[in-house]
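There are structures below to look over.
Shared between the two complexes below is subunit A, which pairs with subunit B and subunit C, respectively.
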Partner chain A sequence: MTDDKDVLRDVWFGRIPTCFTLYQDEITEREAEPYYLLLPRISYLTLVTDKVKKHFQKVMRQEEVSEIWFEYEGTPLKWHYPIGLLFDLHASNTALPWSITVHFKNFPEKDLLHCHSKDVIEAHFMACIKEADALKHKSQVINEMQKKDHKQLWMGLQNDKFEQFWAINRKLMEYPPEDNGFRYIPFRIYQATTERPFIQKLFRPIASGGQLHTLGDLLKDVCPSAVTPEEMWLSNLRIDLRWRAEDSSDDSWN
Partner chain B sequence: MAEAEEQQQPQPAAPQSGGRSDGGEEAAEGGAAAGAAEPGPTAAGSPGTEEPAGDAKKKIDVLLKAVGDTPIMKTKKWAVERTRTIQGLVDFIKKFLKLMASEQLFIYVNQSFAPSPDQEVGTLYECFGSDGKLVLHYCKTQAWG
Partner chain C sequence: MLEGTSGDHPVQPQPRQGHLEQMTQGRVQIPSSMAGEEDFFLEEKRFKQHCEEFVKHSQQIGDGWEWRTNKDLGDGYLSKTHFQVRNRHIAQDLREKTSDNIEETLLAHVEESLDDSQVAGVCTTEEVIRYEYHVLYSSSYQVPVLYFRACFLDGRPLTLEEIWGSVHACYQDRLQEGPWDTITQQEHPILGQPFFVLHPCRTNEFISTVLTGPWKHNRHKNYIILWLSTVGPVVGLSVPLSYAKVAPEQNSSTDSAESNENLC
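And now, the complex of A and B:
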């Protein structure tokens, strides 16, 4: 795991330069300047945009403001997806900064979950962690932890504290020496080219013959239309590394 | 999170016709759940009997278990479309139990985590189903955090 620390840090500290602009139909008392922010790829929109909200609320009347929501080129952005995933899905082929439109009215009930407080984000984040551990360890590791350990994971994410987060998360990334890996790899495959939300299936890290499964094996198995046999291109495919399955060797990629 | 209006309401499940082993490393179901979205209403009719056998089932069996002093559903086993979301199931249970829309209802998988309201039951079944069904616990208060 120590060899991977550079990779873990790169993933944690990934940032997307973003320009927030108020939706033109919002009613303001004076001109609203755009707001620029570096967004952490691994976090959630509603967790990191307090300053954005404050900035735009300054030019609006109280009665014009209800729950904030974000949109990119007409598509409401799901706050419960990691920011990096949203960017990769919707805007990775466009020039930076990523231009997001901010709304305070007409919340799109059909497309977005509500996010009335940070508690909602914490509950969602912890549910993801628990679901991943259900696949990795039959929930044994997460259930053996104390409440304060769960809290530390959340605080680490909320306050952008890599060491604090990984002090606990490393336990979720370990397995007994007699096993060769997790029970199943927690993964989700999102594709920009389909209406389907994501692909998630059971997938073991070790093949029946004892060899390690590679990323290529996974893709061939669950998403064969996205890869060609010889070249293993990533085409219109974004894999959510958020789940950070342990690093099976990527030597199938040239 | 609204779903396609054509989707049928869950139906009581037919007696089980063949289990599904835990494991799934066979990956035999070859992306059935990941393919095209269901375009329209499935055939109406008696529950379960019009289903094609085996992997191509559009519906999965869900077993609903009450937690604590939450009212118990008279019918516990339901055949549910794979693309139905947790939110859709919550709305259905609330209606069935005659709960108020404003009352909260929490759903848990494996008595350990609460899936996101937009998560599809088909995916949960693929990953957490056993003996041919997905067991879900429901509760009016938070049970497993």
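And now, the complex of A and C:
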């Protein structure tokens, strides 16, 4: 896995150029200029947009400002999804920069989770890490870590510190030599067209005959309707599913 | 009469504290002798069976639970909606107090014991809150998980702080130890909408205090009834005593197949 460090770095440092524009109905004291930012794919909107918030609040009155939320072409953006996932789901076919609209009023209670502090993001992130480890190691690795190790994972993400993050995350990516892989692969399949937010099932990395499962095997098993005959080339890409799971640098789903 | 607070459900035992705290000073390790995951895991098929029994009994006693199936993947969840009346104490200027108000305050049925604010002249209003509870299966933790949402009659949803505040008094200490690990807002995995969830990793702690041995020795009981009657009251959901009468059907061939699964 250390040979794949380049891939890990590429995933970690992936960026999406984004243009933030204030929603036209927000009440301002002067004109609000758009704000441009390179967003990290592996992070969360509310974690990396403090500057965006400050920029727009400068032209607004205090009483007009409540919880910030983001929207793309009328769809509220779920801050608890990684930014890269949001982009791939909603805007991957459009030209860059990605245009996101910023709101400070009328928070959509039925669509979005609240995010009143960084604690909320940390709790969500750690819950994802823990659930992934429940699948990979029956929670043994995550539970054996000290609280300061958990904190280091979070701080690594928050401060964009690759080495700091991976010093701890590599333990979550290992398995004992006698095993041939994780117990189950943590994955979620997101489709923009369904009401159901994602598909998640138990899936082993090794088939009963001992051969490694591929990404194509997983897709066929989990959502056969998504794989049409034209798309069968994907199942012939013999991507070792263990590799895919190991290189997902925020240890989770996409 | 306030639901969820008085005697129609069993008194909950206090969760074991000292042993676990000693072993986990500064660490989050749960000693392997107490590691809950394998001992208390529930297979999805059995989850569905127990839910079916649960709904059947609920229909008999009019307890309001129903099973909802997701048409895409065929999985589903238990669902129940009920209304709870909650007393809210609003401090009032003493000068505004009329004798009528004072009488109302004295006669209002309150959960908590009287404190200074109430003696000083506090107006009590009753608020109706609509609770919706869902029981889903977590394949990651292999346990049921309790999701819920709550709003006032005007549609305003309760905040996380309000939810934490409404956790039953018996469980407040536990909650304060780690609120972010206990109840948070999450996306409902089937509906995709914001719900509050009682974290499953803590479920095993609650369950282990109720069962006297690993789950495999308790297979004759209905897991949903045991689990829900333990964790439900934490968030205002009571399970009437009559559920204790429910006995799952014995199926010896299923049992032996499952004991082989346990080994993997």
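Just so it is clear, the second predicted complex is superposed on the first by the 231 of 254 C-alpha atoms of A that agree within 3 Å, B and C clash if a C-alpha of one lies under 4 Å from a C-alpha of the other, contacts with A are read in each partner's own complex, and residues count from 1 in each chain.
Following the convention adopted for this analysis, a contact is a pair of C-beta atoms (placed from the backbone, for glycine too) under 8 Å apart; a residue touches a chain by one contact, two chains touch by 3 or more.
Note that the structure is a prediction, hence the values are computed from the model and not measured.
K.L.:
Looking at the combined model built on subunit A, do subunit B and subunit C fit side by side or clash?
P.N.:
clash
K.L.:
A:67 contacts which: subunit B (first), subunit C (second), both, neither?
P.N.:
Neither partner.
K.L.:
After lining up the shared chain so the two structures overlap, which partner does A:208 touch, if you call subunit B first and subunit C second: first, second, both or neither?
P.N.:
Once the two structures are laid over each other on A, A:208 reaches subunit B alone.
K.L.:
Taking the superposition on A as described, I'd like to know which of subunit B and subunit C A:145 touches: first, second, both or neither.
P.N.:
second
K.L.:
Look at A:80 in the shared chain and tell me whether it touches subunit B only, subunit C only, both, or neither; answer first, second, both or neither.
P.N.:
Touch status of A:80: both partners.
K.L.:
Using the superposition on chain A described above, determine whether A:120 touches subunit B (first), subunit C (second), both, or neither.
P.N.:
second
K.L.:
Per the contact definition in the header, classify A:197: touching subunit B only (first), subunit C only (second), both, or neither.
P.N.:
Both subunit B and subunit C are touched by A:197.
K.L.:
Figure out whether A:174 sits in contact with subunit B (first) or subunit C (second), or with both, or with neither.
P.N.:
In the superposition, A:174 touches no partner, neither subunit B nor subunit C.
K.L.:
In the superposed arrangement, which partner chain does A:221 touch: subunit B (first), subunit C (second), both, or neither?
P.N.:
In the superposition, A:221 touches subunit B alone.
K.L.:
Would you indicate which of the stretches 21-29, 75-83, 93-101 or 111-119 belonging to subunit C has clashing C-alpha atoms with subunit B?
P.N.:
75-83
K.L.:
Is there a shared patch on subunit A that both subunit B and subunit C touch, and which residues make it up?
P.N.:
Common to the two interfaces on subunit A: residues 80, 109-111, 113, 123-124, 127, 130-131, 134-135, 139, 142-143, 195-202.
K.L.:
Show me the residue ranges of subunit A that touch subunit C in the complex, using the header's touch definition.
P.N.:
78, 80, 109-114, 116, 119-120, 122-124, 127, 130-131, 134-135, 138-139, 142-147, 150, 186, 194-202
K.L.:
What residues of subunit B sit close enough to touch subunit A in their complex?
P.N.:
So the residues of subunit B touching subunit A come out as 1-2, 23-25, 27, 31, 33-34, 37, 109-110, 112-120, 123, 126-128, 145.
K.L.:
So in the complex, the part of subunit C that touches subunit A is made up of which residues?
P.N.:
Touching subunit A from subunit C are residues 26-30, 37-38, 70, 72-73, 139-141, 157, 159-160, 180-181, 184-187, 189-194, 199, 201.
K.L.:
Quick check: in the complex, which residue numbers of subunit A touch subunit B?
P.N.:
80, 109-111, 113, 123-124, 126-127, 130-131, 134-135, 139, 142-143, 184, 195-204, 208, 221-224
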